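Below: the structure, in structure tokens.
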Amino acid sequence: MRIKLLAVGFLALATAGCERLPKSLDSAGRGAEMIADLFWFFTAVSAIIWIGVVAALIAALFRRRDRTSERNAEETDRAAHDRAARVVVTAVGATVVTLLALTAASYFTDRGLVNLTGDNALTIDVSARQWWWAAEYASSDPSQRVTTANELHIPVGTPVNLKLSSADVIHSFWVPELTGKQDLVPGRQNVLRLIATRPGVYRGQCAEFCGLQHAHMAIIVVAEAPKDFEAWRQRQLAPAVEPATDEARRGREVFLQKPCVMCHKISGTPAGSRAGPDLTHVASRRGLAANTLPFTRGSLAAWIADPQSVKPGSKMPLTQLTADELNAVVAYLEGLQ
Amino acid sequence: MKPLLIAVCCCLVVSGCKREARDVRGAPAASSNAGLIVMSTNSPGADSPVKTVNASAEQYNGNAYHISEGQRLFRWFNCSGCHANGGGGMGPALMDDKWIYGSSIENVAATIREGRPNGMPSFRGKVPEQQIWEIAAYVRALSGNQPQSATPVRSDHLNAIPHMQKPEGGEEPPSTSSKPAEPQ
Amino acid sequence: MTTEVVKEVHLRDSSLPDNELHAVLARTWATPRGLIGWLSVVDHKVVGIRYFITAMVFLAAAGLLAVAMRLQLARPENGVLGPDLYDQVFTMHGTTMMFLFGVPVMEAFMVYLVPLMVGTRNIAFPRLNSFSYYMYLVGGVMLWIAFAFNTGADAGWFSYVPLAGPEYAPGKRVDFWAQMVTFTEIAALSVAIEIIATIFKQRAPGMRLDRIPLFVWAALVTSFVIVFGMPSVMVSSTMLILDRLVSTQFFNPAEGGDALLWQHLFWFFGHPEVYIIFLPATGFISAIIPTFARRPMFGYLPLVLALIATGFLSFGLWVHHMFAAGIPALGSSFFTASSMMIAIPTGVQIFCWIATLWLGRPVFATPLLFTIAFIVTFVIGGLTGVMVASVPIDLQVHDTYFVVAHFHYVLVGGAVFPLIAAIYYWFPKATGRMMSERLGRWNFWLAFIGFNAAFFPMHILGLNGMPRRIYTYPLESGWGSMNFFVSASAVVLAASFVILAWNIIYSIRKGEPAGPNPWNAGTLEWTTTSPPQDYNFARIPVVGASDPLWTAGGLAEAHGLKVESRELVVTTTAEAQPDLRESSPVPSIWPFLAAVTASATLIGSIFTPWAVVWGAVPVGVTLIGWFWPKSVPEDEE
Amino acid sequence: MKGDLDLSKLQTHGFGPRTTMFWGTLAFITLEGTAFALAIGTYLYLMSINPQWPLGAPPPGLLPGSIITFVMLASVVPNHFLKNWAREENLPLVRAGLVLMSMLGIFILVIRGFEFPQLKVSWDTNAYGSILWFLLGLHTVHLLTDVADTIVLTALMFTRHATGKRFSDTEDNGVYWDFVVLSWMPIYVLLYWVPRW
């Protein structure tokens, strides 16, 4: 039974370890690369130390003990004792040297992380709430400020400074492929610097326990070629598109009369509250409810109809829309590209 | 110790279970009369306000979760705009014990839902029913009409709200602040 | 004084043959019968065993919570526990393991063993000792009763503000958590003071500093870490209660407070806390290895210095829990360095243990098996500890399952395995019966394999992006298969504890009778009978070496103590020269009454600050009753 | 029966470091001192993160706090003599000293009652108010316990229990009073003078 367990164990490790690297070692960002290198260095050193210790332990337990030492035990014992003393002192010395090396390596990587920036850096204000992410792309010109939620787009190769703040409790911003995490602490502002090196869609989620829906507070970071990013930015700057169909138009009416308007913003309409995520371009995003659900008509309807069963405790209330009110709102929202 | 523990259990059973429930959906039943417009029989004046009673409203009274949600919504929906964190501004104060339209949670909820003459708008349809009840529960807490154990003593924001739980209000005896340090 | 005259007529052990001496001492040191007597007990052995049993019950309870969590996490999008319940469950698991099991179970061994190991008849301040137990009991029971009524703390065992503050933690859940902390801190601090006083003043004549058993050294250092570490969490949890109860603003950034202030205060206690649990464990190992290597410990002095160094360094690490919270870079690299430094004394200990085994002739009994398991697993935990001490690596793995794996390797591998070893090792002394070796081996293999299989994969889960404290995870995350394997292995680990429990229960009744010294060990607790008499030692031993039982010619003995009243010898702090004959307190109900009034006050203060004002009076009365001397001078404390 | 070491001639009570109780008292003092240090550290921490200090309140009124400081410093002298008399086991003088110390303690407690309003800020106004009340409260708790202890001890000394071990208790109590006085000094400076800089 023991053997079987071990077998299963290695199997599981294999499937997880080998099919592809764990996210935080499969770097797509300058920071994550540095950390991964440091991590492998530490792991190698640790592995050697552990093997050494266990080998010594096994030797100590099972070494052959000669009968002769029963006689003249005295001086053989003293000799062995002195040998052991020499070994121990050497081992301690080695430990000290190793630790110094590790500390130095760690220190320089740390400096590297702090210097991950440039004068052309793109600054994004990220503010966390229970349980979603609000983001505003900083710009001297107010009309150029992109406001979005739960999905960031960043240009590959450009330094990005995330200015992190929290509106309620402590959260933590963490996208393993890009770089290490940074907490968002109420009353403080932290800065997280990162540079994406590889285009792609990277999923992260809040890493600091923040209450009931800590598990459903994901953020997607899309790293794309600078020109794609610029195109995206222009689309996001535009006001909400006019609803195309009658149903969508009715949807907008419902949106503005029903509770939706109390918390959500859709630029170009009277809806202007910032309590909930900005929905101006909600249909351009990949996920819903802080990426708890993929953005599809079905999941959109499900989310609006009964948010508390999708995300119990979410601040999105049951709005008690009638069936066709619901359909109308869904039709309207899914048009908001 | 036994009797002590039993006593603790009892007060936990009676207050605890109700106080600590995290009923994230709110009671749909509470929205019984949400559909049709009810013209409130309440009117300002000397005659004591009529109490409308709604059974399921009781789950909002004394429930810590609903009251704290109400605290959040009070801020989100900017009730302070007129009621200034309960202190009163262009709208009446909510922290005193004067109630124009009745102090029961049903009356407060009705006030929010239907609005009142000279100023108080109607939030029918704008604010979902369970949130109306949560705000109502919180409004009653402002004037100390909720059990202290279920009421947050302060928010984590600038506290225009004088804390709701000053024992006897006014200047406290040193003991209240110093004593919990006693275990040292 | 007049007492001089009285003394001469007192009956002395010197003038008595053994059998009479036993009879008289048994009468003098007996614990009264009946409920009152049961509550009045001041015998350190009884209190120690009560501490142990209570702690093990809490271990079982918290273990079941762990199983519940693994059930929930076994599959993605699982519905066994909802978010609200899951948050309470993981908070209760962590809180119970740290405050109600980890520390108290170590206190249990210190309270039971230290007086026996230093060769005295009872612990210093025995009434404080029984008081501390009742406080611990009430605190723990209170927390679990609250949990039973859906009032279980749900903000994590670390209760970070603002999540644990008045706005985001409505109701009384966190208040019960904070007050439970107060209860257990009172208990832990009391025990620490008793241990320090016992070790400083009540060592057997001749037990110089360089002859103190290593476990006793570990207990001493641990007690000092408690004395300097625990006040921090008293201060912070008091501030939290005040914020929640009378609306102080300590942790409200909008009014000049600060959320990180809590983290600084909490981790200034929280990190030493780990060493409060780990240092006694190293003490177990240092007691077990010489016995089963059948030779004195190699490197006594380095080991003592390592213990002391660890104690000091443990206060220089707390910020490494906050690397991601936005700490100035310079500060964090200092704490990286200090966190790495603490690996040095730990290394010294491990090397000395291995050297002892090398030089000795190992006997592979269950305690040694678990000692081996300890070294193999704990080294992994220590090395991942070095990893998380590095700021950049920590930024990736902090608050992920990598850290969950790390500290379970440290706390289970580093503390629970030695604890199990200690149970198998001292069980014969406490009960007079051996535990089953056959069950012991099953226990060992299941624990060793179950633990590593359950926790090693968590390293990879963490690196793969799985954060801690999430009640579920999406199917796409790809964490499912490994979580299932972890959950399955957790069951194996749980089974090993079932076997341990069964072995204990079975052996109490049917175990082989054990002599005074079944393992042929070298320290004082093995000179007396198993289980020891109420008075521990009929004749106070005189110590001439660090392993007195292994020195040829047997033990010398001291005589001249009164036997008709409780008297023990007080020695000088460094040289342990006999200095005074102090009376040791007789059983008293007052500590229990004091605990009742204090508990009522503390629980009341969860609901109203005035409880403290009204409670102060009965507490004062009971304390006076406690310290008011009884008729005969010998009864004075 | 071999008797290698005879304990029968040892005294049954001693003073200072020779006794177990002394080390217990010292351990208590150490852990409470740590608590004071942490509370003081909290004050300085809050001061360092807030641009202006004191926060939205005038500095506390000086009079009661300064009176207490003066009386406490003065009380160290009789306390010192009391400890010596206790060592000499001089009952009449010890009684007198204890009565005096009890009265001093009660006097200080009364003044302390006037001290809280002089803080000129409520504990729930802001973090500054909170830490002020916390520090003063923490010290008051220690003051209360020691004064109570002194009074009980005084009462004991007028009963038949005024024998050997009581005297070393008296000395330990004196040591604890020194601690209460000592721990007050930094708090006094912090509460009353730091805001005035």
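Letters A, B, C and D mark the chains as written, and numbering starts fresh at 1 in each.
Please note the rule applied: a contact is a pair of C-beta atoms (placed from the backbone, for glycine too) under 8 Å apart; a residue touches a chain by one contact, two chains touch by 3 or more.
Worth saying up front: this structure is predicted, and the values here are computed from it rather than measured.
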Shortest contact path, chain A to chain B, counted in steps: 1
Remotest chain, chain A as reference, centres from CA atoms: D
Between chain C and chain B, distance of the C-alpha-averaged centres to the nearest whole Å: 45
Centroid spacing, where centroids are CA-atom means, of chain A and chain C in whole angstrom: 36
Whole-Å separation of chain centres (CA-atom averages), chain A against chain D: 51
Gap in Å, rounded to a whole number, between the CA centres of chain D and chain C: 31
Residues of chain A whose C-beta touches two or more other chains: 168, 186, 212, 312-313
For chain C, residues that touch 2 or more chains besides their own: 84, 162, 167-168, 231, 234-235, 238, 242-243, 246-249, 252-255, 258
Contacts with two or more other chains, residues of chain D listed in rising order: 31-32, 35, 123-124, 133-134
In the complex with chain C, residue positions of chain A that touch it: 2, 5-6, 8-9, 12-13, 15-17, 22-25, 32, 34-35, 38-39, 42-43, 46, 49-50, 53-54, 56-57, 59-61, 63, 65, 77, 80-81, 84-85, 87-88, 91-92, 95-96, 99, 102-103, 105-107, 109-111, 113-114, 130, 168-170, 172, 174, 176, 179-183, 185-188, 190, 203-215, 292, 312-313
Chain C - residues contacting chain B, complex: 84, 134, 138, 141-142, 145-146, 149-151, 162, 165-168, 170-173, 182, 185-186, 231, 234-235, 238, 241-249, 252-255, 592, 595-596, 599-603, 605, 607-610, 612-613, 616
Chain C-touching residues of chain D, taken from the complex the two chains share: 1-14, 17-20, 23-24, 27-28, 30-32, 34-35, 38-39, 42, 45-46, 49-50, 55, 89, 123-131, 133-134, 148, 152, 156, 161, 163-166
Contacting residues of chain C [partner chain A, same complex]: 82-84, 87, 155-156, 160, 162-163, 167-168, 253-254, 258-260, 298-299, 302, 324-326, 329, 332-333, 336-337, 340-341, 343-344, 347-348, 350-352, 354-355, 357-359, 361-362, 372, 375-376, 379-380, 383-384, 386-387, 389-400, 445, 449, 453, 456-457, 460-461, 463-465, 467-474, 481-482, 485, 488-489, 492
For the chain C and chain D complex, residues of the former touching the latter: 1, 3, 7, 12, 14, 17-18, 124-125, 189, 192-194, 196-197, 200-202, 205, 227-228, 230-232, 234-235, 238-239, 242-243, 246-250, 252, 255-258, 261, 264-265, 268, 540, 542, 556-561, 567, 569-570, 572-573, 578-583, 620, 624, 627-629, 633, 636
